[in-house]
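Common to both upcoming complexes is chain A, partnered first by chain B, then by chain C.
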Partner chain A sequence: MTIMSKRNVCVNVEYLTRVEGHGNIVVDVKNGELKTCQLQIVEAPRFFEGMLQGRSIFEAQHITCRICGICSCGHTLASIQAAEDAIGFTPSEQTIKLRKFLLHMENLDSHLLHIYLLVAPDLLGVKSFVPLIDTHNKVVRRALRMKKASNDVCDLLVGRHVHPISSIVGGFTKLPKEKDLDAMLNILYNMRPDMEATVELAATLKFPEFERDTEYVGLVSDDAEYPMLSGEVGSTDGVRMNKKDYKKITNEFVVPHSSAKHAKLSRDSYAVGALARFNLNAGKLHPKAKAVADAVGLKPKCINPYLNTAAQLVECVHSLEDSIQIMEDLKKNGINRDETVIVGLNEKGTIPVKPGNGVGAVEVPRGILFHNYEVDEKGIIQKANCVIPTNQNVNNIEHDMKKLVPEILDKSDEEITLALEMLVRAYDPCISCSAHFLDVKFVNL
Partner chain B sequence: MGKPKVAFFDFACCEGCQLQVANMGKLLLDVLGAIDVVEFREVMSEKWDQDFDVAVVEGSITTPHAIERIKKIRERSKVLIAYGSCATIGGVNGMKNNFKLGDIRKEVYGKDAKFFETIETRSVPQVVKVDYLVHGCPVYIPEFVKVLKAALAGLPYDVPDYSVCVECKLNENVCLYQKGITCLGPITRAGCNSWCINNGNICYGCRGMVSNPNENGAIDVIKKYKIPMDLIKNKMNMYNKCRENDNHE
Partner chain C sequence: MLTSEVKEALKASKAGITLIITVGNSLRSDDGLGPYIAGKFKQTGNGYLLLDAGDKPENVVDKAVDYKPAKTVIIDAADFGGAAGEVRIIPEEAIPDSTLSTHAFPLRVISKIIADDTGSKVLFIGVQSKNIALGEKMSGEVKVAAEELLKCMKCTC
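Let's look at the complex of A and B:
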């Protein structure tokens, strides 16, 4: 053992920056031995599941999308799926297409924010995107332009990206007009050159080298589509289950040293997110996205967590191309405007309701998201439960940290801290979500 | 004189209003050209240890620690802007106040409930003095830019004190009550350009109530359309529950 590896390291990052929500990294190495290694969730609890009790299933998505501003479309879609499953409503094909399209826009928007504004500063050696305005002006402008483009499409489709308005249980309260379809397509076509430039830039970025074999979990299916909105839940260790059995997937447990509930399936921990989806379903990606994966050297099964960002880039290309296909298809076949729904709180009983228990399982930017509601005969929520991607990842992040720290003990404290921050950031954690859900248990801090 | 130092802070919220700022696109660069953003944790690692010309605060106050933190931010800020409904009126976090705190903590955290410090949700103006309010869930960017300009110029900004119906009529939407659907537009502050109704949904009251709602008119409408009172009450409580704190303080 070298002298360096006998050293003491004390990392205490309070309120980790450039992540969504509040989290701390605590690492303590004494005499070269790792004593503590935690990702603490310190977000203020918001009690959403409690607040849902006694409310109409028709306002569930309006409330739950407010758990998180970044993934509000994803929460909306998981919430709607669970609600429709609970009351026994089957959405139309057109509705499903539009929902898939919306999910692509959210994926694009969220991944772009993460790649450009949250991760790129680390790889370019600065503290945030602000100094990049001077040094990499074209890059910052492109990032903002692409983000705005996916936002503008959301504006046209659902009124806005943060807390979408028209996507509800039953379908859409407003369907896009012919000119909206053209406008959305135009924006997406115009995004293609920017996407090419993004891929070129990403190919020049150097990600840290680190590997740890783990289990990857996400939606899987038997058809040829890259599953985002439907399918069963599967893992790279060969698990396959119906979404109704989500609790057997997440197996949440409480550990005394951590502030968040942890999840595990076949091994000590598992990971969800873009890299998990890529590892499970890379063969189903759009050909252009496959080409990008080849170009950046991403192959399944990839076990370097830092490359989650690269998988996000591959997914960006997939989402752009697949959403163009969906929109071209809708334009060709025309939109059936008779499907516009006016629901409110279902005062008119537009949608028949029966008591039931429903589960939604949707691939949102950070991984698989579960919503589960139990409703009575009037559609009033009796019980609500949500398991969010970041909660599923926290345990995996800690296991990564435990393997990483001893491997980099020859580096300076600052370098170790940065490597850990970058590791946590690579998962694109959404800490608001993880605590806004009631899964977080402070056992003893 | 340098550019004004502006900092963004968040309390209990979804951070969607910050995201609205990031979603401004090129307009963001114009705004950044006029100000010096010194803290914005969600997108920046930089920290600032001096006073702020403007602090922009998102989120509700829900823990004793948050009370101390917002008081310190207030002391360090010449101007404080509360933005987003969680900050301005308590917003959806207020729904927590529908329950007895002990009950909801137990419901959610079971036997570990005692480890959770939580207090009744309060809006930012219920804890410290606020100079400007930007309502909305999320904020409406044109209004946010207007307020920021006013704050930087030292001019007042008055939130519209008429109902969403005024804007909704100008947008030529068919009244939802005529379709048998309840909507909080008649009692909710305008300023959002009737965003939700333009998109086929109802008004959920996210901007808070007008200061002088037409109660009798509202009761007439509720009676005329035979709408159950508990339905309206539940809807009112989605964003506006925290206003009850004002009554018993």
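Let's look at the complex of A and C:
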């Protein structure tokens, strides 16, 4: 590769739009040599772990879902899983099915919005989603329909479009009725043509070509299911560990330029998210999702981070089809309403509690999410720890940037800036889970 | 005190339904303006209908279109550098592409769809917020503005 030698680059973007939250990219190129390349997360910690101390595991999910308005269901499920693991509670098969369904809806909702609102404008050559209402009116309306559909299903299942109410430790306080199952199925069936059109659109989009081999981390299992809610933690470098050993997986460390912790496993950095899941478990996807992967040219092991968006599209198809399968099964076999759990703060001891240490590991839209609670004999949380996917990705993004910048120094300042913005966006970072705004600055010394 | 421009914007349309869409998050202090107005608004049959979009405006578009409003007024807390509680008509082009969240639909897209599908005139009313930190309590200034807006809709002054 020929680096455009002694060039200095000076680009200063006030803040990068279309990522959730705030942060800074600082790139320092002097005489063609990359001096500094950092993704700075500068926000103060939010202390959710501190808020959980002294609270009951039976209310923890209502607190932790507020960590994020985008992956509130994921935080709820990780929280519940950690709590149930700590007290040794095994949820029923029906509960697990409904939880998988809920997670699918959140992944659909989040992925679709990332694809349409945050990434598509770059690939269609406009600055934001808004101008598409004039140039791609049908696309905008389709995105709106699909977003509303996944929101409405969440509302039917857990009582609210965001921040679920009825999903708790032990199961669900309200189980869907026959008419709810019909309504949800109807919404999902109606989503199929829109999903097909989304795939057709995505197949026409051209993603930047860039590759960097890295380690991909996510849930893995020995069964045939694409693991989102169960299994062990594995990596494309051959690591396989119990979720209880999550600290040995994340190996979190601090760097001076970021208030978000960084993570690494077998190499300098690792990636989590849709592309990681695809690289680890592509063979377990629904056949329709596999067909879409083929159609968009996505094959494991894919090491182009920009194609995380393509992996999200593949997962959308998987989530839709698997959700329909779950709902059809529940409709066919009927919902066991005796499993409705009214537990409150477990004042009546409805669910047996014992002291313990539990870990929840859930594949949320941006990657594997860990919650770890240590609880006493009353189910009161003594210690809590949450490891967010974006925090695990930040270090990997920086390493991508360090490889990308020297490769594109022959581009204009605007093109370099856009390439970096698109790279960060490809990870769909939720910096607001730990931080806010992303300014891009190139510094010439 | 509402300006004549704001009062005019809120005036019930003689051509048909005047649809008020309130937007906001009641857990974000002054951003709770929209839900606050929605909670106190009473359908009085004087030409107004209200939809509370909360922080998911995309979820009310279908209903809004079904109502076939002659005029649509979107009310939200805003930051336009005014005094806390100041109420202004916000020009469409001044509304940022991402208002609520990067993962919620931009208000400009929502308004364009309502306008295109119904022919409705769409206006934005912004109330200058004082504080949008986490919290359930609105500032006194914004609460006064909310009451004035409610009063204006009630009496169609």
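Just so we're on the same page, the second predicted complex is superposed on the first by the 417 of 445 C-alpha atoms of A that agree within 3 Å, B and C clash if a C-alpha of one lies under 4 Å from a C-alpha of the other, contacts with A are read in each partner's own complex, and residues count from 1 in each chain.
In the analysis below, contacts are C-beta pairs under 8 Å (C-beta built on N, C-alpha and C of every residue); 3 or more make two chains touch, one makes a residue touch a chain.
Treat the numbers as computed from the prediction; the structure is a model and nothing was measured.
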Room on chain A for both chain B and chain C (clash or fit): clash
Which of chain B and chain C A:L113 touches, first, second, both or neither: both
Chain B versus chain C as contact partner of A:D268, first or second or both or neither: neither
Which of chain B and chain C A:D194 touches, first, second, both or neither: neither
Which of chain B and chain C A:I165 touches, first, second, both or neither: first
Greater chain A contact set [chain C / chain B]: B
Touched partner set for A:K174, first chain B, second chain C, both or neither: first
Touched partner set for A:E211, first chain B, second chain C, both or neither: neither
Touched partner set for A:N151, first chain B, second chain C, both or neither: both
95-103, 113-121, 149-157 or 239-247: stretch of chain B that collides with chain C: 149-157
Footprint overlap on chain A, where chain B in one structure and chain C in the other make contact: 17-20, 69-70, 113, 117-118, 127-130, 133, 140-141, 144, 147-148, 151, 161-162
Chain A-touching residues of chain C, taken from the complex the two chains share: 55-56, 58-59, 61-62, 97-98, 101-103, 105-106, 108-109, 112-113
Complex contact set, residues of chain B against chain A: 11-20, 22-26, 28-29, 32, 37, 40-46, 59, 62-63, 66, 91-93, 95-96, 98-99, 104-105, 107-110, 112, 115-116, 118, 137-138, 176, 179-183, 195-196, 198-202, 204, 227, 231, 234-235, 238
Touching residues on chain A, where the partner in the complex is chain C: 17-20, 69-70, 110, 113-114, 117-118, 127-130, 133, 140-141, 143-144, 147-148, 151-152, 161-162
Chain A residues touching chain B - in the complex, by the definition given at the top: 15, 17-21, 44-47, 49-51, 53-56, 59, 62-63, 66-70, 72, 113, 117-118, 121, 127-130, 133, 140-141, 144-145, 147-148, 151, 158-163, 165-166, 168, 172-174, 254, 340, 342-345, 347-348, 432, 436, 438, 441-445
